[in-house]
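For clarity, chains are labelled A, B and C in written order, and residue numbers in each chain start from 1.
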Amino acid sequence: MGAALEWLADPWTSGILRRAFAEVTLAGGTCGALGCFVVVRGLAFLSESMAHTMLLGVVLAFALGAPVLAGAGIVAGLTVVAAVAIGSDRRLSFDTAMGVLLPALFGAAVAAAALVEGYRGRLADALFGSILGVTTTDVALAGGVALGVGVTLGLFGRRLELVAFDRALAEALGYRVKALDLLLLLAVTLAVVVALRAVGNVLVTALVLGPALTARLVCRRFWPMVAVATGVAVLCGVVGLYTTWYVEVGAGAAIVLTTTVLFMLAGALSWLRGTHRPLHARAIRGSLPPE
Amino acid sequence: MRIRRLFPYLAVGAVLTVVALFASACDSSDDTGDTSGAETIPLVATTMQLQDFARQVGGDRVSVAGILGPSDEPHEYEPTPDDADALSSARVVIENGANLDEWLSDLQANAPDDAVRVTAVEGIALLPTEEEGFPGDPHVWHDPTLAGQMIDNIAAGLSEADPDGADIYAANADRYKAELQEMAATIEGIFAPIPVERRLLVTSHDAFGYFARAYRVTQVGTVLPSVTTETEPSAKQIQALINEIRESGVTVIFTEEAVDPRLERQVAKEAGATVNASLYADVLGEPGSEGETFIGAELANARAMAEAWSAS
Amino acid sequence: MSPRAAGLEVRGLSVRLGGRSVLEDVSFKAPAGALVGVLGPNGAGKTTLLRALLGVVPFSGEVDMTGEIAYVPQSGSVNSSFPIDAFGVVAMARYPRRRWGWRLTSADRALALAMLDEVGLAAEARRPFDELSGGQRQRVLVARALAQEGDVLLLDEPLAGIDLPSQETILDVIAARCRRGALALMTTHDLAQAARVCQRLVLLDRVLIAEGPNEEVMRTDVLRRAYGTSLLVIDDGAVIVNDGAHHDH
């Protein structure tokens, strides 16, 4: 028992790991929760594209000597606003608008990076992040975003849920559907910006989509799905960090590997049950269903 | 209402315009072509060290176009169309070899068939490395004697492309090799006051193996546990490095100009060390800096290290 | 669920979208207790009319409405792969009353279950929405509208493409509400069905072609003004409308 406890406690002796645990919990949890909205609304490409547009912001910010995250956030935010506004044109859907804008912006980012003199930290850095290199400031930022997203979901969660399920009814009930779209997308932007710092472009997509898809396999209802996705995301981060502490595998790689394994496990269990039905079933006959 | 509809398109257009303006206002720092007379031999060299070597050996008989600049990390570089252009008119192509510039192989087809291809580390016994894809540690130039052999390879290549200039190249090579020996002696002098057991080096990646051997410096470890920067360390390795740093009493972690020092800063914080970002590991410095030339960079490295060791 | 007398009067309603006139100067009345069918060819503006009454699209003209609205959107517009069960869908109707609240009262939940029961799906309360058949889903959406407790029911193509028993259930439920003073406005492509189940009809083709009791609207000369060449009259007076795709604005 003592040995097991020591085994569990050992990584916490490292300041680097303590900050990394905090970061994966805050940033990962936020991504997992918001990823559910991304998945049910079929915006799976969004998180990936979002991370691409941020490269443009990073490059511009660096060239102007401004803080890099600010550049990423502002450009991504502008892109989202633009896409929502374009998407309001009845002839184009929001998805189409993003699908057109984002490759263009990414291409511009690559070109700009190649041409802007003195651009350092080559694209690879923005791509892979450094979870072991997070500072206390990074963690505070992740905490702030997690808090903000939590408050947003607390206040607007039910409305966001209805908009995701039945936009027509949401409009009919007088909800400001465009504003809610924007709110959701800005929340996703913030979460991705923060996660980008921790795990980088390639892996942030895994954190946004993986836990949410895993949760979808085991949940029949939306808010349980959000809770499970949040938990799974945090679990992936924590397990990934334990792995990189005891095994010689890169931290970011370990986290993504865990995400993939959990998803495949959930998929296998779901398949074993015969259908794609969730793992548990409850039969209620005529009595008031509990919440 | 009309203007509101236009806003998003304007916003995107504005962003793209800014980028385009930026792009046109900036030089492409890659092309460092020298002013050339009508008869110069056009050559392309990958790394900045090789660009310097090529200029030293070729003098004004050659015009040197370089691929890598001060902010390009050789291990992760992705070639651009400009690079393909430069190659298309090259009579000599100089690469480092040992997998440092493996991305060049994609471009080689662009060079004329009869261009002379020089692999600078040819014939040099490499330090071993476990990194996959690398026949050995490619950072050969940090050893002044081996750098001399690289000079010889370059001179041979230039002579093959331009037999008329063979004598000049040989003379230039000899002269520069002498300068390198002078440089080596200076560095030994800079290090002399510091006992060998205090010459402890921790860097971002394993770029100084040859330097350490040549000047009797001990590499305690590297943050990125490899001869290449394209790698992600495990927390296990990082913790092992932190323990090593603490035990050996290293007080400075040296990062490199072209690497983001985030992880190094955290390691330093945990190990009670500081970060010094001034080494020239894989690249040389900006024009006007002390690291602009190879010799300048090596001397700057030596001074930075000595200063750090003396202070501890 | 107090049955009040509902009422609807529309005067000169016009809608312009994207620079085009989609509805022009439409006027009609719908009294309490009526099930009104809104008919017209593709692109006639049927769905737009509903959306204007909901306040979702801007319009000019006047609308006098007595009673609160309950809405059943086209079933295709719903995200059917969303993780929710039948009960959850119906319960959604109650959330707007809770403002910022998250939990429903037990009265809310009892009402939702009762509405689900009224459409015959109490046993499927916990079934995932995406596992229900088309007819079952439509019934759930109708149950949701009933749970909104509105007296003016607006239904967009509620009977399209679903099994007959489900259609009957839905019509029965709506008719029951109408008998108690509610009013229902239903868009449809199915002329024969409209003639059978509705008491009044509104025939649109961007403009109002005709409105009133069935016998006033269901006349060949009237229908021809809306459907034009899509109309096929057989010699014993039977009328067939060739109505291809089902797209509307």
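Just so we're on the same page, contacts are C-beta pairs under 8 Å (C-beta built on N, C-alpha and C of every residue); 3 or more make two chains touch, one makes a residue touch a chain.
Note that the structure is predicted; figures quoted are calculated from it, not measured.
A.B. asks: Using the touch definition up top, find the fewest steps from chain B to chain C.
C.D. replies: The least step count works out to 2.
A.B. asks: What chain sits nearest the middle when you go by CA atom centres?
C.D. replies: A
A.B. asks: Taking each chain's centre as the mean position of its Cα atoms, how many Å separate chain B from chain C?
C.D. replies: 72
A.B. asks: Where the centres are mean C-alpha positions, what is the separation of chain A from chain B, in Å?
C.D. replies: 37
A.B. asks: Taking each chain's centre as the mean of its CA atoms, how far is chain A from chain C in angstrom?
C.D. replies: 39
A.B. asks: Pull out every residue in chain B that's touching 2 or more other chains.
C.D. replies: Residues of chain B touching two or more partner chains: there are none.
A.B. asks: Please output the residues of chain B touching chain A within their complex, sorted ascending.
C.D. replies: 4-5, 7-9, 11-12, 15-16, 18-19, 22-23, 26-29, 70-73, 76-77, 80, 230-239, 242, 257-260, 262-267, 269-270, 286
A.B. asks: Help me check something: in the complex, which residues belonging to chain A touch chain B?
C.D. replies: 11, 14-17, 19-20, 56, 60, 63, 75, 78-79, 81-86, 89, 101, 104-105, 108, 111-112, 114-122, 124-125, 128, 130, 132-135, 241, 244-254
A.B. asks: Under the definition above, what is the set of chain A residues touching chain C in their complex?
C.D. replies: 40-41, 90, 155, 157-158, 162, 164-169, 171-174, 216, 219-222, 225, 277, 282-286, 288-289, 291
A.B. asks: Residue numbers of chain C touching chain A in their complex, please.
C.D. replies: Result: residues 17-18, 54-56, 69, 71, 73-74, 77-79, 81-85, 87-89, 92, 95-96, 98, 100, 102-104, 106, 109-110, 113, 122-123, 125-126, 128, 144 of chain C touch chain A.
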